[in-house]
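Below you'll find a set of structures to go through.
The same chain A turns up in both complexes below, where it pairs with chain B and then with chain C.
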Partner chain A sequence: MNIALVGYGSVGKGVAQVFLNKRDLLKQNFELSISLKGIFSSKGALIDPNGLNLESILGSKDLTVHPSWHQELSFLETIDDLDLDLVIEVTPTNIKDGEPGKSHIISSIKKGCDVVTANKGPLVVAFNELSQLAQKNESILRYEGSVGGGIPVFNLVRETLQGNSIHSLSGILNGTSNFILTQMTYERTSFESALKTAQELGYAEADPTADVEGFDAASKTVILANGLFGMNKGIDDVYIQGITKVTPEAIELAKTDNFVIKHICSIEDGQIEVAPRLIQKTSPLAVDGTLNVVSLKTDLAKEITIIGRGAGGEETASAILSDVVDIHLTRVS
Partner chain B sequence: MNIALVGYGSVGKGVAQVFLNKRDLLKQNFELSISLKGIFSSKGALIDPNGLNLESILGSKDLTVHPSWHQELSFLETIDDLDLDLVIEVTPTNIKDGEPGKSHIISSIKKGCDVVTANKGPLVVAFNELSQLAQKNESILRYEGSVGGGIPVFNLVRETLQGNSIHSLSGILNGTSNFILTQMTYERTSFESALKTAQELGYAEADPTADVEGFDAASKTVILANGLFGMNKGIDDVYIQGITKVTPEAIELAKTDNFVIKHICSIEDGQIEVAPRLIQKTSPLAVDGTLNVVSLKTDLAKEITIIGRGAGGEETASAILSDVVDIHLTRVS
Partner chain C sequence: MKIELEVELTDKPGELVKCLEPISALGGNILQVIHHRSRSVGKGVTPVSIHFEVENIDVIEDIKNAIENQGVHVVKWAQEFVGFKHVVILIGHVFQKDITDTIIRLLDSGVLVNEVNAKITQKEDVSTVKLSIVGDTEQTIQEALNLCKEICQEKELFLIRS
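Right, the complex of A and B next:
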């Protein structure tokens, strides 16, 4: 399978590392041989029509001096020259217009490639456009890594709950805000102090707006609404309330009745919400720290809850690998 | 797809009901048309070579007066006369010799049928024998419903965590003992009193041995060890300790340090155990009531935990349906 990896941040590096580490296993278990023809970063590209040498690339400190490096070469300039089966799109998320990911995905689909992405941007701004384009071009578009990092959600429903109707969903989809609320709960600190701890530990960015104001979680909930419930929603359709106004007093009050305050995403009766909510301490939704959780109400299996790490290069690469293997198996069958 | 349903207790009835309710959805989403040729209970069988009328069967109070009824006709007598693609084996569990399920499964495989079972007995006593027989005969043998009711575990690993290595597993696989420990924790009652409540609510049987002594959970753990970890274990390989000796005092002591006592199944480093263990209150494993949980430590996705209802006719039917759909999709591809 000829693949291009577009985006080389922590997720892109995770994917490259996993392709290298799992080379033998993928051949043995799935008869899948991956040839990575190109890796595209914001500064240029590594290209080898015979397949890049991942050992050498993952071992080099400075890619720009690597023999395969082409300064400033972009994916869109190169796509016609590489004989690609599948494109992995993991450039940075941009929920304003979805670029550059959206153009990468559209061009890939139009070239007849299958696409695996963990990039929320294109899916938030153009979910149905991209899905329909893929369908029209008989491309497979998969996006397990865009929501919940290594936690399978879309594949869980499609591959293990066939025949179930999903009535509603609730979950925690942002590890940073969950960490902050957990700190406030157990350390009895203010929001500001918990945010500072999160920043010191590298869980929160210098500008934490996307996490603490709920935009990141809202983006993921939009993708779930469209991908699992067949809706046609955008970020403006989500009622969003951040966690910046949650007080230690409110958390203490909740505790006295065995509740915790969690930043809950929900999809129910066509309504999409992200807001602080009271959750029973003993509920499967009451996960702590940076964990993510998704809970589905279904007609046959009833409530199914899945918990795991919602971020991380290797974790997200796990979701991407699952999509790649699944597409491979579909294409060879 | 021509199917026989062998066993007509709560799971068997759940399967028949789900086949009826989901008839249109299965056709539409998966191009799957199910024709149920026979339903076998301990007293006899309903047979119709043109496919049984499920509305009429599920509506009748007394099957023995139904026009399709054959008193004392057994599955093994009939299998040669029915043109079957797949057999669903859900007779009562017998972990001594696996019968009658084991013979049903062996005969079905030898006839070239695929098999879906939720019956722990045959899998506990003869997992590798049955797997190898299926492989030799190019039959597909699936058993999602045998562990954790409606919770996908085997399908979760196979279909959504491809490429991950599973290092270890821990979980709670018996809702009755989890309910009893939860009662003891929140109501501060003795084991005996909590058991009585469980019996009154229908969660525990008159003879609760299999649940409270850990044999049911141990059986499920053996199936997980063989099915997920490729082991070749039997019930005698499990270190089993029941919950009958857990005292309210031990539970209170755990509480003071924010632990709970749970009946934990574990597979790690080739060792299989079922025993009461201290679990941090905030751990995803610390689920309450009759819930079941399975937590997997993997190399890429890290820890993935799935929670749901471990029993119930419709829940288990959900797992069986997932297996049936998956086999159908494999066979038509």
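Right, the complex of A and C next:
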């Protein structure tokens, strides 16, 4: 399978590493051999029409000194020359217009490539446009890594809950805000001080707005609403409340009734919401630290809850790899 | 609603099932079964307490009738109405924005506000207030929660609900 990797940050590197580590397993179990034709960053690309040598790439700190490096060569300029089967799109998320990911995905689909992405931007701004385009061009678009990192949500439903109707969904989809609320709960600190700890530990970015104001979680919930519930929603359709106004007093008062405060995403009766909520301490939703959780209510299987790591290069690469394998198996059958 | 029922059962197989089956069949959730062997009333008859809860209070009479129709002697039937309880926490100028008005409007919507807890911080006079709301049905509670959301928008308060 000829693949291009667009974006070489923590997720892109995780994917390259996993392709290398799992090379034998993929061959043995699925008769899948991957040839990575190009790796793209914002500054240029590594290209080798015969397949890049992952050992040497992962071993080198600076891609720009690698013999296969082409300065300022972009994916859109190269796509025609690479004879690709599949494109992995993992450039930064931009929920305003979805770029550059959206153009990357559209061009790939139009070239007849299958696409696997963890980039929320294009899915939030143009979910139905991209799905329809993929359908029209008979290409497969998969996005397991875009929601909940390593937790398999879409694949769980598609592969194992066939025939179930999903009534509602609730969950925690942002590890940073969950870490902050957990810190406030157990250390009895203020929001500001918990945020500072999160930043010091590398769980929160210097500008934490997207995490603490709920925009990141809202983007993921929109993707779930469109991908699992067949809705046609955008970020403006979500009722969003961040966690910045949660006081230590609120957390203490909640405890007296055996509640914890969690930043909960929910899809119920057509309503999409991201807001701090009071959750019973014993509820499966009450997961701590940076963990993510998704709980589905279905007609046949009833309640199903999955808990796991919502971020991380290797965790997200796991989701991407499962999409790649699934597409491979679909294509060969 | 929680119900405690006491019956006298003869020590024969299948006697307890005669009570439990109608409760489950009509949607009751059995919480506890206690055999009061020390209070056995001779001839192999033992008083048994059954604690169960129902979501829909309309089925209570049916359950009682169904048990009695099995020929079981009901000694005691105690109903404790706890209703449906939800908790909301309001943050901001909760007192300055007339908390009495907030509570009265919730009461007017048909629920009971049976507990108010407040913590006040010196910082910016922000108070955090927890209200426990009890209603007869899940729907009255939902309506009260929606009203609470409206009040909080109007009074610029931050709402956290269960």
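The rule is short, and it goes like this: the second predicted complex is superposed on the first by the 333 of 333 C-alpha atoms of A that agree within 3 Å, B and C clash if a C-alpha of one lies under 4 Å from a C-alpha of the other, contacts with A are read in each partner's own complex, and residues count from 1 in each chain.
By definition in this document, contacts are C-beta pairs under 8 Å (C-beta built on N, C-alpha and C of every residue); 3 or more make two chains touch, one makes a residue touch a chain.
Keep in mind that what you see is a predicted model, and the values were worked out from it rather than measured.
**Student:** State whether chain B or chain C is in contact with more residues of chain A in the superposed arrangement.
**Tutor:** B
**Student:** Touching A:I306, do we find chain B (first), chain C (second), both, or neither?
**Tutor:** Once the two structures are laid over each other on A, A:I306 reaches chain B alone.
**Student:** Scan A:P276 for contacts with chain B and chain C and give back first, second, both or neither.
**Tutor:** After superposition on chain A, A:P276 lies in contact with chain C alone.
**Student:** For A:F229, decide between first (touching chain B), second (touching chain C), both and neither.
**Tutor:** Neither: A:F229 stays clear of chain B and chain C.
**Student:** On chain A, what residues does chain B touch that chain C touches as well?
**Tutor:** none
**Student:** Which bits of chain A are touching chain C when the two form their complex?
**Tutor:** Going by the criterion above, the answer is residues 241, 245-247, 249-250, 252-254, 256-257, 259, 261, 275-279.
**Student:** Enumerate the contact residues on chain C facing chain A in the complex.
**Tutor:** Going by the criterion above, the answer is residues 87-89, 91-92, 117, 119, 121, 126, 128, 130, 132, 158, 160-162.
**Student:** Under the touch definition given earlier, write down the residues of chain B that touch chain A in their complex.
**Tutor:** 18, 22, 25-26, 29-30, 144, 150-152, 155-156, 159-165, 282, 284, 287-288, 291, 298, 300-309, 312, 314-315, 317-319, 321-322, 325-326, 333
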